[in-house]
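Okay, so chain A shows up in both of these, paired with chain B first and chain C after.
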Partner chain A sequence: MRRSNHLKYSTHIYQKNKLVLSPWLFLIPGIIFFLIYVIIPIFQSIWVSFYEWDGLGQAEWVGLANYVELLDDEYFYTSLKNNFIWLVLYLLAVPLGLFIALFLNQVVFGIRFYKSLFFFPFVISQVVVGLIFSWFYNPNFGLLAHIFISLGFEPIAILSDENLVTYGIIFAGLWPQVAYCMILYLTGLSNVSRDLMEAARLDGAKSWRMLWYVVLPQLRPATFISVVVTIIGALRSFDMVAIMTEGGPYGSSNVLAYYMFETALSEYGFRLGYGSAIATVLFFIMLIYITYFLWRLYKNEKGI
Partner chain B sequence: MYNYLKVTVLGFLSVLFLTKASLSADLVITFDDLNPGPKAAFENAIAQFQKENPGINVIANNGDREEHKAAIRNFLIADAPDVTSWYPGNRMRPFVKAGLFEDVSDVWDANGFHEDLAAVKPTMTIGGRQWGVPYSYYQWGVYYRKDIFDKLGLFEPNTWVQFKYICDTLKKNDITPITIGTKYLWTAAGVFDYINLRTNGYKVHNDLTAGKIKYTDPRIKKTFEYWAELVNAGYFLENHASMSWQDAVVPFANGEAAMYVMGNFSVDAYKNAGLTYDQIDFFPFPEITKGVPRAEEAPADAFFIPTNAKNKSDAKKWLAFVARPDVQTEWNKTIGQLPINSKASVSDDKFIQQGFETLNTAAGLAQFYDRDAVAEMAAAGMEGFQEFMMKPDRLDKILKRLDKIQAKVYK
Partner chain C sequence: MFPKPIANRSRTYQLLYKIALPIVLLIWLLPLLAIFMTSIRSSVDINTGNVFGWPSQFLLIENYTEVFNRSRALLYLKNSFMITIPTVLLSVSLACLAGYALAIYRFRWSLPIFFLFVAGNFVPFQILMIPVRDMSVSTGLYNTILGQVLFHAAFQTGFCTFFMRNFIKELPFELIESGRIEGVGEIKIFLFIVVPLVRPALAAVSVLIFTFVWNDFFWATVLTQGESVKPITAGVRSLNGQYVNNWHLVSAASLIAAIPPVAMFFLMQKHFIAGLTFGSVKQ
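== the complex of A and B ==
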């Protein structure tokens, strides 16, 4: 008797707050894993950055020493500079993806096949992309070298030229990223309202004006996702660098993510504290950039 | 359906029981070389060891070298094999310091290794104890295309002047004098080590890698001056920074390059690239400063017992086994390297014979820049060497940077 009363009571609480509680109930598993694998490690990593630790012995508290050391580390500045080059150039993937999506958004025989061809680089692993491009760039047997020779130029060793190497890797990285943005835009384009376009056409809007004032505003969600994903991709560009150059020649193509790995986890590194300090810097750069972006988006939404 | 299920369950159970039953005598050995020669030698030795010790169930794992380097920190702590291959000198130091490698001095005492393995005893020793057992080492030096030398009337050089003359002659005949691939950096360290050993000798090499001499020291600068003579004259392979050491074998094999400063493990690669023994030969790196006793690079490979190993008594049997003269003879014959046990016999391969001769008459044996120097210093140093080979005019800046890192690393 008492038990059923109890049951009734608890159902009653749940019933009363159903709308508030249900979302949380569904969110709990996600939140738990997000905490364990994302949020807590962020703070652990920041914590480790105040220590000098080789991962084996005793960790030694050094306060801000790792950050002070960073300020005087040439490799850190090279990596930081390269990260910004990545950030700027990698964003080219967004307009390029849009362009290809517009181009492919037509009804022709076999268009699905062409779409899948363009999408292909995103499906294959970044490691494979990196390998393909290292062969492509190889000054001895690479395709690029053959093209240069047939045009009568000396082949350039892009991946061992300190001034070109970062651009070479970014170019390789753009290949799958453009495909990704393209797919995002293609799905966006299928949702563009025909009525609006029809109306705009009646009002005399054509080509560029149509694109700029009618189509693009409707693609805003796709643009948002593309930009965010591309920025994050640029900042954590790791696989390409690791596969194509390992940060070389002599550290000139390093980026923060790879430099962090190199100092904290590679054959010659194992300074976990120092690596964590680099990770922390990278984390704050990402945080600032993405917060700014979200804030702008929020303002835009409110404006409408 | 039911039958299928029954079979699966039974299979599972039997697997469980089997592993349980054999657990007591399992010996897990982890090795790190998949190249055909070393792989065969390791497998042969395992087979022989298994035959001699039927009571032990040997489980041999062989993996890629670079992966092994990346994984060892984890498996030493989390899931240690009973025996693992690794390197002596500074490479074993962090693990010894952290108490992750077992002291195996008793194996050395019981088997008379202090005498038989004397050649590499110093590098296996930290704090007066021995931490592993070496099974092989090899010489470094200059491998060259004998057919090309003969055609151009060139001879093995003894001095720096002769060496440069050879480079010059080759260059004039449109042959790259020295092939090298510095993408993975360590090859450049080999060249640096040799020029440094010949310019300043063994002690300076040790003092530099121990952090007792600065990189801006006039003696080290002198080393770079000699190196710059080769770099500025364009004697090294172009585009070396995009190539691995294996890539750099290609121009050597097809006659576009004539010399290679390398370790003896590379002979296998020359043969696989289609060169015959008549076409290739070896000479020790020539003298630079007159009167400096000739020291050589001779990195050793060894086996270690992790502290967290489960079956240490059988692991020690394996260590005693791999250092036995007959085993070392056979093993090194297969991989084309030199046995360390002085009672072992050396293969009659001409490179092994020359290597044996070279190392036996050497005034000192260095491990290698990246094994003698502390890891972090080695990484920065080798990057500096690569940068120097591409931009020799930046030398001062590079050396100052290395000094800064040295001050930080060896505080």
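== the complex of A and C ==
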């Protein structure tokens, strides 16, 4: 069998080699770039996390010392806890996005324009969103302070309150994220099968049951992507924290992404090894979600 | 359609809906409207606490010109364009090639390489920060436009490849097959058969990358120092530090930073949304 196949194809030996080599020619530029700037640095960072290094002098091998130190670092725990709060609360973006999408999924005059304007916050840089909300929360002249005063309350300085600050930043972060989930759901809704809806309606399904049993199952791909991008976004949160509080007051709004930056590259010292250890922890947390996503993708590819 | 079209509902219901729409929108965009109102006030208003009342003066043009006169906003804007546009061109070209290879050829490494691109696209930036910064310093790319372009292009290649590969996979394979039978070379097939067909995908991915890179703040902080090559996001941040009591100017600068991606979104809305929601409908 083998032999006859071989003979059959040997006349097309050039053709065959061409098809073996060509993919690599197309792939090489992208792969080289991606290896240099993304894949190799991941391993280098993990490697650096076993050293004590100020970025200038000689790096000193310390084994697991950086990780041992992390176990006793209360700022690390605060950041980890905040990342967890981010993760949980940020996921509110998914139901909220669905809610707004359902509200906007109508045909009336100008609805497309409304949809675009609702999507607006996602297009703006998080730096700008952070500034807008710093101003919104400002206890002296912010919008929130005005609302509090007009209701007869003392204004609260949310961003200087250790217990509220993280929630304040997450609330700001939800604004663009809800817009993102909304657009995913709007696209999903426009593809919901009419036949199924009609059938369910004839069976007398009422709105909520219809949503739960007929519509949501069809929106599953949109939900999946919303959840994935929201989790990744929550764990990546850096810009908002940097702009609004720089992790303060007293590290109470810190997250791993910002704490890593602070340890490695700010006036608080250049502890690159320790920073890398924090980054490595964050990376492995993220790897759980990346693996899950790849597994789903794999099942999809194989048509399972 | 879900929910039930309001055309099938009572008149009062329709009227209520039409009234609710603009009100909800107003609340949704309130922070943005408020910052716009601040950006056209005088500093007197801000210092006397007239932040929500009627502005004593409308200084739309004055405030925005002042941002350009008092800061290096124009330089920052120019830098942002010089970083963003080459990044888009480079990453989209690389990804188009790679996506084509991963979609069309069947070979053992196809899926692992595809997964590598997808996975890399999701990693936290911090795990790349120290080595990338170090490498940039040692190759002289630190604090240059080119340094930022190369990093962004490489990183975005992951997402773009994911996108292009899936798009090209949807094309009818017979087109490529028939090209091969006719004896057309692989590169020619790519250039003259595939590229014209994937134009919508190129547009979608380009506007997305434009927005992502324009809005970048982290790498602008890590890979630059001083003013000369800073993009507008980092520029606005440093303005915020300098003009502590000039909220009208900070607001104006923030809005200036937001204009290009917003304009891009409105001009290319269809492509933008198609790109963002790719994969969220069918599975």
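Just so we're on the same page, the second predicted complex is superposed on the first by the 255 of 304 C-alpha atoms of A that agree within 3 Å, B and C clash if a C-alpha of one lies under 4 Å from a C-alpha of the other, contacts with A are read in each partner's own complex, and residues count from 1 in each chain.
Definition applied: a contact is a pair of C-beta atoms (placed from the backbone, for glycine too) under 8 Å apart; a residue touches a chain by one contact, two chains touch by 3 or more.
Predicted model, so just to flag it, every value in this text is computed and none were measured.
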{"item": "Touched partner set for A:I124, first chain B, second chain C, both or neither", "value": "second"}
{"item": "Which of chain B and chain C A:P139 touches, first, second, both or neither", "value": "first"}
{"item": "Which partner, chain B or chain C, touches more chain A residues", "value": "C"}
{"item": "Contacts of A:R209 with chain B and chain C, given as first, second, both or neither", "value": "neither"}
{"item": "Partner chain in contact with A:E69 - chain B first, chain C second, else both or neither", "value": "first"}
{"item": "Overlap of chain C and chain B interfaces on chain A (superposed complexes)", "value": "55, 140, 265"}
{"item": "Chain A partner contacts - residues on chain C that touch it in the complex", "value": "1-7, 14, 17-18, 21, 24-25, 28-32, 34-35, 38, 46, 49, 51-52, 94-95, 97-98, 100-102, 104-105, 107, 110-111, 113, 115-120, 122-135, 150-151, 153-155, 157-158, 161, 186, 190, 211, 214-215, 217-218, 221-222, 233-234, 236-237, 240, 247, 250-251, 254-255, 257-258, 261-262, 264-266, 269, 273, 276-277, 279-283"}
{"item": "In the complex, chain A residues that touch chain B", "value": "54-57, 69, 74, 137-140, 157, 159-160, 162, 246, 248-251, 262, 265-271"}
{"item": "Chain B residues within the chain A interface of the complex", "value": "66, 69-70, 73, 77, 94-95, 97-98, 100, 182-185, 238-243, 247, 250, 370, 375-376, 378-379, 383-384, 386-387, 390, 401, 408"}
{"item": "Contact set on chain A toward chain C in their complex", "value": "18-20, 22-27, 29-31, 33-34, 36-42, 44-46, 48, 55, 102-103, 105-108, 114, 116-121, 123-128, 131-133, 135-136, 140-141, 143, 146, 175, 180, 183-184, 187-189, 191-192, 194, 197, 207, 210-211, 214-215, 220-222, 224-226, 232, 235-236, 238-239, 242-243, 256-257, 260-261, 264-265, 272, 275-276, 278-280, 282-283, 286, 289-290, 293-294, 297-298, 300-301"}
